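Chain nomenclature is as follows: A, B, C and D, assigned in order of appearance, with residue numbering initiated at 1 for each chain independently.
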Amino acid sequence: MNNLEMSDAAKPLLAGVVRHIAENVDPITEEFEASANSGDDRWSLSPRQSELLAAAQKKARDAGLWNFFLPNAETGEGLSNLDYAYIAFELGKNPLASQTLNCSAPDTGNMEVLERVGTPAQKERWLTPLLNGDIRSCFAMTEPQHASSDARNIQTSAVLEGDEWVINGEKYYISGAGDSRCKIMICMVKTSPDADTFHQQSQILVPMDTPGVEIVGPMTVFGADHAPHGHMHLRLTNVRVPKDNILLGEGRGFEISQLRLGPGRIHHCMRSIGMAEKAVDMFIARGLDRQAFGKDLIDLGKNMETLSRARIEIEAMRLMVLKAAKAMDVLGNKEARIWVSMVKAMVPEKTCQIIDQAIQIHGATGMSQWTDLPEMYAHQRTLRFADGPDEVHHAVVARAEVKAFQASNTRGR
Amino acid sequence: MNNLEMSDAAKPLLAGVVRHIAENVDPITEEFEASANSGDDRWSLSPRQSELLAAAQKKARDAGLWNFFLPNAETGEGLSNLDYAYIAFELGKNPLASQTLNCSAPDTGNMEVLERVGTPAQKERWLTPLLNGDIRSCFAMTEPQHASSDARNIQTSAVLEGDEWVINGEKYYISGAGDSRCKIMICMVKTSPDADTFHQQSQILVPMDTPGVEIVGPMTVFGADHAPHGHMHLRLTNVRVPKDNILLGEGRGFEISQLRLGPGRIHHCMRSIGMAEKAVDMFIARGLDRQAFGKDLIDLGKNMETLSRARIEIEAMRLMVLKAAKAMDVLGNKEARIWVSMVKAMVPEKTCQIIDQAIQIHGATGMSQWTDLPEMYAHQRTLRFADGPDEVHHAVVARAEVKAFQASNTRGR
Amino acid sequence: MNNLEMSDAAKPLLAGVVRHIAENVDPITEEFEASANSGDDRWSLSPRQSELLAAAQKKARDAGLWNFFLPNAETGEGLSNLDYAYIAFELGKNPLASQTLNCSAPDTGNMEVLERVGTPAQKERWLTPLLNGDIRSCFAMTEPQHASSDARNIQTSAVLEGDEWVINGEKYYISGAGDSRCKIMICMVKTSPDADTFHQQSQILVPMDTPGVEIVGPMTVFGADHAPHGHMHLRLTNVRVPKDNILLGEGRGFEISQLRLGPGRIHHCMRSIGMAEKAVDMFIARGLDRQAFGKDLIDLGKNMETLSRARIEIEAMRLMVLKAAKAMDVLGNKEARIWVSMVKAMVPEKTCQIIDQAIQIHGATGMSQWTDLPEMYAHQRTLRFADGPDEVHHAVVARAEVKAFQASNTRGR
Amino acid sequence: MNNLEMSDAAKPLLAGVVRHIAENVDPITEEFEASANSGDDRWSLSPRQSELLAAAQKKARDAGLWNFFLPNAETGEGLSNLDYAYIAFELGKNPLASQTLNCSAPDTGNMEVLERVGTPAQKERWLTPLLNGDIRSCFAMTEPQHASSDARNIQTSAVLEGDEWVINGEKYYISGAGDSRCKIMICMVKTSPDADTFHQQSQILVPMDTPGVEIVGPMTVFGADHAPHGHMHLRLTNVRVPKDNILLGEGRGFEISQLRLGPGRIHHCMRSIGMAEKAVDMFIARGLDRQAFGKDLIDLGKNMETLSRARIEIEAMRLMVLKAAKAMDVLGNKEARIWVSMVKAMVPEKTCQIIDQAIQIHGATGMSQWTDLPEMYAHQRTLRFADGPDEVHHAVVARAEVKAFQASNTRGR
């Protein structure tokens, strides 16, 4: 459990990803961001963006770096969570990196789910174009009317009428749903209100162009809509999809969630480490670049101790993420869920603080479009809610702790 | 110094303001925000907004609540800082309130400066329309190239050519400069590079429509531009204004700053108290409105202790703000500057935390346009830089503390 | 409510106390502490200590500074809580000051209770010698077996047998009970198990030399017993006292507690302010006195910001304590209890932190007998439990906040 | 570097230690503490204590668990730091465990130094009885007059007169020097004031019974002297020891320090993990054992979140300690010093907080002799100064961070 070393087998992949980012992504990032569409068109990539992205994707494919996140469908083998962590640390440092490698959220989770529980027809229709990077996808769980910390609250209903599910409800904070490339949604619905609590929900495939699927608009984060990705508010009114669009079967929505939530949570936290590293680099760069009162900013006040504490926290978080990944590899998602909750409660909160300190040393510039810091902060702040708010994860950890104590007073870890 | 009671004379004014907000502002706030222009027009009020604002302003005038912030020009008498604090607490609770009473930042500071140091001609040309609410104004100090924590860094130059100042330089985070109503800027420039450090700067009146004044664009805060107010990036290229546009005289820029910065800083903090109160109200409202795991959110986890700590911090901040205001009344701006630095370093930081906690209990909704919390957070976060970053104020307080210690070991306060 | 100025009438008293401490107490403090008894005798003052104390007490009496804490029995008039606060700030700076003025805890609380609810016989027997400073006293409430945060848990029983109460039980953390001068205890007991929850308890006067009163030993704080004051563990075995020793009457124990707890809590917090001031002075003194890496310690790392934050916190705490005192004066103990809970939850916690920072800058010396800091820390840490742990006070504040919200959404403070 | 797994070879040793503590140490700990001498004798073990200790030590020897900390003198091989960490985690849970295994601080450090740099004669005279557990030892570095954070400040002088070093100076916080079993001190002295800064100091063996070695008394920690271990204040007046008592040679004091300080620092932190685990167990035990307001304490307020955060912090600290140990194994003490500084700055501070939270849930009992918490707290608080205060370690980390940044902007860890 404490061997947190990357496997030798995966090291060439990591090296390839590092090289790809340095050679193919870092050099185009500034231009990519600068050439975004504006106004109503900003939910689509601009032609120049498409061009830049396609070129980088092609290079990734050619280098054999495409879809590495996915286990081999036949053999069941793939990258371990531990190995993936090392790669994701790097992905977190550049906002464009994941896209060039076809491993952005929420697509990876959706592809994994389709790969594991999809029917051949579902796979052909949706998994293939996703794996090719031809389309994108979203996952619709949270709803505006209920505390999403308690997943049993989901109310969007799906009723079988003949050969069709008829879906009605409202979803929000549906990441990626506004992107014009997004063609398919996996939607969590209540199909079986009379079943026991954990078997009332199902997950259903809903093509985005189905009549009745309405994108009400983006949910902004601190006022920004983060187009073209963003987090959408959707209304589903008498949306009809074929009966076969259900995943795995009626009442198995929670079961599928277990499949995706654990890894999804930890993938976010892996990338957060890279983002925290980037924030520290920016902290130092600014601290050395600016002077006041005859000194470099970094030598003023408590900045050096702030820096030390950030470094210590990052190393601690990195090891915790590696350990949680290893736990998932060794124990399976279910047994490892305490570890996942630990890092989920730990990493985004501390990363927010580290980014906020980088903002502070930048002065007002740190909050502006002249740095990536506001977008990084907004993203990490969002993560403190995504896949369960911090409070729920702390509750999971604490309850497990009490149980372990009750089971034995002489705990050895 | 510790009588922090509002004066009897000012109580009717406070009552009037409270009534005005409740009757004339709260009822229109939602509609005002909803009827904002979009797209490129959003830097101007929409016709409906103008109409709503004008109506509320008229009611404020009719009720004798107009321009109460300004000392009587003849008698020198006006609202004390202490009395103003009680009123500003109320203004902080509604984002529209200050405008309806003609006491928004940075106009109040600009009007005060003009009232105290303006020539009769300057007053007639700019103070009169500002007092009438016909135009708005901005104050341009910070520059992108230098640590603005050290005001001596200002580099925008003004050179006298014949009867005109020729100004060149770059300013950013100039609040309000993008509003189409903004007609006049007070600009901090370097006129006298050979004078001693604190006499190199001057302040000059620059009409916004002067050729060479270019609004490069808004500096966003966490990606939002907060139109129509916002914080502008300006470029000044060979901007020519008459020699007489200088305020008070060459090399007296710092002197004027002393006049405005102390009160300006504390006015922000006064309104922060109101904003923190609003955040607590929203915290409770959400905590009682939502349920999870069979309980009201407010009864889960540490929410009740979070609430208690917020209440304690707010009461402590309120008293500190009142004390600083009283210190300014009794000791004058200069002697009271330690108190001002104390509240400036204390209030926005803690208010940010309180708002962040309100965000957390709202779930993702708390970061979205569905609540005022993101705008409140962005505003308070900005204040941690405005008029000197926290670090500078802590340094002021600590140095004064060491000096006081050295002066005497037996300090009684 | 916000006039926190000391009354003119009390200012000479404050001046007298300040002068008394400077002239009569500060000069003897070091010798007083150095001449303490050691070994088993350390629960009594040494002859030299008695001599020093008596001399200082005489000077206090001669200066008219004796028993100023007590309201006039005839007129009901006395020092307001607000005025007392200013004096207590000074008392907190010197560990010996209160004793020289006959206003140490828990004697002041006991004297107040006796003065208000004692019978003439009770007063003559116990109040008179207490007021003369001839004896000392203790107050026995907390018990080892039950969470003392919930006062209903008290189990020590008193049963009436004929004309005597027979008391059995165990008490701990009974401050001052080990001092050889302590002659009388006010003991909280359960007399009426069948009454409703808040009328089961009574308070009974128990002379310390009553057979069956056993001092088991001191409860140490971080290993120190803080003799001769300290906190005792007592066992009461068939302790018999006359029926008339009950205060106010059967089942009125809680009622008396209300009388003492509010003021007692706030008195502690008042003195904490003085102690925090002393810690800050020690912080600066050490920071200027020691050098490392070519600089004064105070100029290294984050020490200056730590100092600034301590100053801000102290000023905020001071104002909060004054406000709570004023609330008690204006609203009465009951209505002011939220304010008392606010300062009780705020002040000892923050004062602990400030003292801990002073310890840190002193290096290991800061934890040793070479400074007063460890005793100060231990005392403040104890206060986070005394008269209710922080958690209970936070709960009081939060519940009041929710109620106030529910009563009205438009709260003006 | 990230394989933090214990070696298979060491696992039986860990199992042996765990069994030994469970079977031979835990059962006697309470009696051992209860049978301590009192009064002036408390600096020696009582007969019953000696008996208990000897029996446990014999069992450890018989089980082959004696002196496992020491590398093989011939082969240089021994327990890796990583393997030692797993064992030390266990040692930290019981205050008596280390002694029964002859691996208490500061003896381990002294034995390591003697083993590595001692002459055959020095080894025979002092190392042999230390390895046998017949005597104990101390290490005298810190001095009262100077900031010990800057080791160059050491002023105790040793002057060669004929064949003897004559030593004069004052040392304090010399752990273990007061124990009657302590027979030998390694003393850091200034021998060569004219050499360059880092070659002025030497380390000399000083038998405790040398004339002129005076134990002035214990330095208390929060008022407790922690006899028989404790931290002594020593005065050295014309102390004469043979010339050959110098270790390694004149001017090599810092060189020897490098040998001991790194491992010593990390050993403390390893045991801190065990102590933090114990504090969490006590937190839960009390939280389940006591009730108030109708609930288990642990379910009140923020206790569950406090517990979760403690668990997360402990796991993060554990991994950081393992990583620092591994770094020492792989990179050597010098290269690993940043990792050591990271854990030294991280672990005692957080462990103090965790213990303080356990104190808080225990109520006043938590500060008393009825629990081990006060001693645990005092010990961890001391560690925030021992071997360099937190501030110095943060400075080391931050400077390294800036250097690494300057060396390269694309850092991969």
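We adopt the following convention: a residue touches a chain if its C-beta (ideal position, glycine included) is under 8 Å from a C-beta of that chain, and two chains touch if they have at least 3 such contacts.
Everything quoted here is computed from the prediction, not taken from an experiment.
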If chain centres are mean C-alpha positions, then the most distant from chain B is chain D
Between B-D and B-C, more contacting C-beta pairs sit at B-C
Distance between the CA centroids of chain B and chain D (whole Å) is 54
Chain A and chain B have mean C-alpha positions lying a whole-number Å distance apart equal to 38
Whole-Å distance, C-alpha centre of chain B to that of chain C, is 43
Among chain C residues, those touching two or more other chains are 301, 304-305, 391, 394-395
Chain A residues touching chain D in their complex are 1-6, 18, 22, 90, 277, 280-281, 284-285, 288, 298, 304-305, 307-309, 311-312, 315-320, 322-323, 342, 345-346, 391, 393-395, 397-399, 401-402, 405-406, 409-413
Interface with chain B, chain D side, in the complex: residues 301-302, 304-305
So, in the complex, the side of chain B touching chain A is made of residues 39, 142, 144, 146-150, 153, 172-173, 219-224, 226, 231, 290-293, 297, 300-301, 359-360, 363-365, 367-370, 374-375, 377-378, 381-382, 384-386, 389-391, 394-395
